[in-house]
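In the two assemblies presented below, chain A is common to both, partnered first by chain B and then by chain C.
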Partner chain A sequence: MESIKLRKITSLWIITVLALFIANIVLGIVMRLNQGEIIHEQPATFYAHMTTHGLTQIGIWFVAGMAGINYLMERYLKTSYLANVLAMIFTVIGILMLWISTYIGNFHAGWTFLYPLPLKVMWAKWGTPLFLSSILVMGIGWLIWAVSLMTQILKKYPLSKALAWQHFRKNPAIQTPPFILISMITLIGIIACLLGAVLLLAMYAAEYFSNGNFVNDALLMKNLTYFFGHTIANEMLYLGLAIIYELFPEVGGRPKWKTTWYVALAWNCTLVFILTAFFHHLYMDFVQPVGFQIIGQIASYMASLPAASVTIFSVLVAVYRTPIKWSLTNLLFFIGVAGWVIGGLGAVIDVTISNNFILHNTLWVPAHFHTYNALGNVLFSLAFFHWFSIQFSSKGNFEKLTKLKLTLLLIGGIGFLLAFYIGGAESIPRRYSNYPAEFPMAAPLAIAAAVFATIYLVAILIFFFQISKRCLNILFSPSSY
Partner chain B sequence: MFKHIIFTFIILSFFFCQLAVAQIASTGFEEENNIYDRVYDAKLSFNSGENRTLAELCSGKPLLLALIFTRCSGICNPFLLQLKENLQFKNNFGEFSILVLSFDPRDTQEDMMQLARWLNLENNKQWLFATTRDIEKLNLSVGFHPTWDSTRSQFDHDALLVGINKEGYITKKLIGLRNQNDLGLLISSVNDVFSPSYRLPGKNLLFSCFNYNPETGKNKPGLGLLFLTLPPVITLLIVFGISYGVRHKQI
Partner chain C sequence: MQNSILLLFLVLAGLSALVFSFVYFSSKKASVEGQGLSNPLRKRFWFLLILFVVLGIFASVTIPKSPYFLFADETPARVIHVSAMQFAFLMSDKAIDPKTPAGESSIELPANQLIEFRVTSLDVNHGFAIYDQSNNLIAQTQAMPGYVNRLRWKFKEPGNYNILCLEYCGMAHQVMRATLTVK
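Our next item is the complex of A and B:
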């Protein structure tokens, strides 16, 4: 069973993530209000918001997933508390460095910090090294955490068992829990993409300190950027799925899900495909050979299909004509899977090369990734946060305001996302701080999005107050609790 | 002694000025100036006696604008002759017009008519010959800076061809006598057709994913591709290393 120290650090993760999420939603609303011409910011300020919003969002939902699997993994094996604490320290320092670089240093090259933007200094000179160092600090913390968790898995399960290869044969002697399989597959992908980030940052540093004696290849830098960025954005979703596989049947009062040959096959395939799907970000780079572009499209299809189809099948089978104990946790998981699938479909539409000619760099792109995050991964993590916080609270109505919270989440979330999708279908470009007159629908859509995002924010605030209150009790409870 | 110092100073100053001018000229960035700027909407007077603005003209078809003067004893005539010759083979790039515009205020419509006749283009509807009173503003908008040399009674100027699309934006500029390939890129740009361009290998560029050979026009895989494989390869080594370590109780 998990230790009290683990409960406390998990509580701290939850409070930190929710607090930063609220700040981040506010940044998003401010950006949409600026695009809607309700407020007027300097373009540099808008892009500083965009940089902070994007990277913080990736960071917090990644650590939320990691904190979730770390906590649940204690059911199967002992995890390292030190690695967990180190990750927390590195994350907090990294986030502080990031916010200082963007809001004091005015660094505003976007969360993808595409080469050579960070090196074209249009902000405080120290902004670029501080920004890149912030990613390095967070990356090192997360790398230690991921390697530590993987090592603990491998201590209990041999590699072939951790990857559930024995399930390809009939009647395997040892069962690999789906939670362990998905965690292992995801951790491998996370380690690969974090190593990609380390290499990317080393290349930036080499050019930055070379005084012009060394210049990077733009194509290599873009490939590395998306190998890191695309992969981590997807892997953090899989962390949420690992939690669903573990908790969804349990909370619903159903037997635990088991690994079957098709579950094992789907997730093993996902490991390969997710590492090559990032090529779809380079469709517009004509120097990249056509073969890579085709790999990008096929891998994107294949990466989404096995994991998605198996998960959807499992969730539907679990609820269809089955007496299930519905609770806020389960509902959040269920709606989250729907949001993930809808966002995934939006992504598959965009990665299809012929569609990408039209949708590339339009609002369709933030539409799909906000769908599987704001109405997908966020809900997976909120479900875990809620479930975790009520585990150690003996009194109170834990399902209080459930209908209100879900209604606000759905109305706010769907309205906010629709503004993006309609904008994408109208070919409104993304990453514009202000829209020119050629896009008359852009500003009204941005205002509508800000209104709906505010409704979504209200729901998150209720979650924050309820969950944080319980988590603070856990955090400050005596050690013998 | 003082005279020698002054003399040396003047010689060195002259030398460095020349060096600086040579460096500016050799950077080749003049072609990049004013790209995607809107060209000045000058009022044009044509040989036919018709008056139209530049915006009206290019709203129908994209334009290649050649800036010349009829009394030129230097580049203008070879420039136009080569342009005419090269364009004979460029009919498959979409529709466009060529506007030959004088930047010399002395040039009249009769002078331009004579030039058209000399080039045997007076009946070619694709070629338009015109003068304008707004030449200074137009020159400024396309980044063209002819200077009057009173000794030779000639303008010192570049042979400039400017590509202008239907919306009146400068999409590409060519300076000097250029080959058919460059002209093809210019025509593609005014028709809003994407034209790929490659960075040439440099000594300070070590890890290219692909190396472009301008002679063969082909890309060869470079060292950068190996870098792309590094993260997954190192990950595999870590996974197998840890797996081996825990099995043999070394971790």
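Our next item is the complex of A and C:
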């Protein structure tokens, strides 16, 4: 069973993530208000918000998923507390460095920092090295954490068992819990993309310190950027799915899910598809070999097959005509899976090359990824946060304000996302601080998005106060608690 | 085209929401002895097969329409060299020398003839996105330093077309533009 120290660090992760999420939603609302011409900021300030918002969001939901699987993994094996604490320290330092680089250094090359924009300095000279170092610091912390968790898994389960390959044969002698399988698959993907980030940063450093004697290849750098960026953004969602496999049946009072041959096959295939789907970010670079472009579309399509036919189908089968003990936790999981599906539909449309030709870098792109984050992954993590916080609280009505919170989340989330989707269909560009006069719908849509995002924010604030109060009690409770 | 895509998405999203709502309410009404879905493995297989076939049809229909294959067998009537730079587009019938870049931000093109845009960048990544007179995005490619992307397009309607940058390129990204007049 997990230690008290683990409870405390998990509580600290939850409070940190929720506090930063609130700050980040406010940044998002400020950006939409600026686009709606309600407030007027300098474009460079807008793009500094955009850079901060993007990387902070990736960071916090990644660590939220990691904190969740780290906590639950103690049910199966011992994890390293030191690695968990180091990840916390590195993440906090990294986020601080990021915010200093963007708000004091005015660095604003976007969270994808597409080469060679960070090297064409339009901000404080130290902004670029500080921003890139912030990614390095966070990356080191996360790599230590991911490698540590994987090492602990491999101490108990040999690689073939951790990947559940024995389930391809009849009556396997050893059962691999789905939680271990999905965690292992996800950790491999995370380590691969973090190593990609290390290579990317090393190549930036080589050019930065070469005094013009060495210039990187822009196409290679773009491939590396999206191998890292796309993969980590998807892996953080899979961390949430590992938590669902573990907690959804348990919270609903149903038997634990088991690994079968098709669950094992689906997740092993997912590993392959997720590491090759990033090519879809380069569709509009026609010099990229056409074979890679087609692999991008096929791998992206194929990635949806195991997700739909195994995870989503399993969740629906687990609920259909089955008496479930519904609570806020599994309602959040269930709605989150629906949000993931709907965001996935928007993604499948966008990864079709002929559609991407007229959707790429319009508001359709933030539309789909905000869907499976704001109404998918965030809900998975909120479910875990809520479930965790009530484990060690003896008093109180834990289902208080459930209907209100879910209603606000859904109304705010759907309204906010619809503004993006309609904007995408109107060909409105993404990443514009101000919209040209040719797009009369753009400003009203931005204002509507800000209003709905504020409703979503109210729901998150309620979650924050309720969950943080309980987590603070855990954090400051005596160690014998 | 974009409106059809939005409609398709809204229909699929609505159907998904209905399925999830239906499944949720079936659970709320389920008796204690509720048995759930009968023969789920078989149904899972059919669901996967249908999805696989639908996506296979989608891929086989859409991949040949990818921009890399547009007008691939035809010879362009005109080649336009495009050099993007922070925060302007230079366009010319002649190759643009990166050391002394020169070109126009507005050019005239013939209607119904194949035009090949050879797009590159002199500094950072940019987008080269063509918007029609209704401000719908009709074609695009990226402008990448060190590479030339070839975008082939036939303008059917005479009129003014805007070029906007669709890849974030710095603080004045939102005002980086050019125009095409098709006659």
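Side notes on the structure shown:
In the analysis below, the second predicted complex is superposed on the first by the 480 of 481 C-alpha atoms of A that agree within 3 Å, B and C clash if a C-alpha of one lies under 4 Å from a C-alpha of the other, contacts with A are read in each partner's own complex, and residues count from 1 in each chain.
By our rule, a residue touches a chain if its C-beta (ideal position, glycine included) is under 8 Å from a C-beta of that chain, and two chains touch if they have at least 3 such contacts.
Quick caveat: nothing in here was measured; it's all calculated off a predicted structure.
Model built by superposing both complexes on chain A: chain B and chain C clash.
In the superposed model, A:192 makes contact with chain B only, not with chain C. Using the contact criterion defined above for the overlaid structures, shared-chain residue A:476 touches neither chain B nor chain C, since it reaches no partner. Of the two partner chains placed by superposition, chain B and chain C are both touched by A:217.
Counting residues of chain A touched by each partner, chain B versus chain C, the larger count belongs to C. In the superposition on chain A, no contact is made by A:209 with either chain B or chain C.
By the document's definition of touching, both partners, chain B and chain C, reach A:287.
Of the two partner chains, chain B is the only one touched by A:151; chain C is not. By the document's definition of touching, neither partner reaches A:465: not chain B, not chain C.
Residue contacts after overlaying the shared chain place A:168 against neither chain B nor chain C.
The superposed model places chain C right into chain B at 166-174; the other stretches listed in 166-174, 202-210 or 238-246 stay free of clashes. Overlaid on A, the two complexes show chain B and chain C touching the same residues of chain A, namely 217-219, 286-287.
By the touch criterion stated above, chain A contacts chain B in their complex at residues 147, 150-151, 154-155, 158-159, 188, 191-193, 195-196, 199, 203, 210, 212-220, 223-224, 227, 275, 286-289.
On chain C, the positions that touch chain A within their shared complex are 1-3, 5-6, 8-10, 12-13, 16-17, 19-20, 23-24, 26-32, 34-37, 40-41, 44, 47-48, 51-52, 55, 58-59, 62-63, 65-68, 86, 123-125, 127, 129, 131, 135-142, 144-151, 162, 164, 166-175, 177. Residues 43-44, 47, 108-110, 114-117, 120, 122, 217-219, 222, 262, 283-287, 290, 293-294, 297-298, 301-302, 304-305, 308-310, 313, 316-324, 326, 334-335, 337-338, 341-342, 345-346, 348-349, 352-355, 357-362, 421-422, 424-427, 429-436, 438-439 of chain A are the ones touching chain C in the complex.
In the complex of the two chains, the chain B residues touching chain A come out as 194, 196, 198-199, 202, 204-210, 212, 219, 222, 224, 227-228, 230-232, 234-235, 238-240, 242-243, 246-247, 251.
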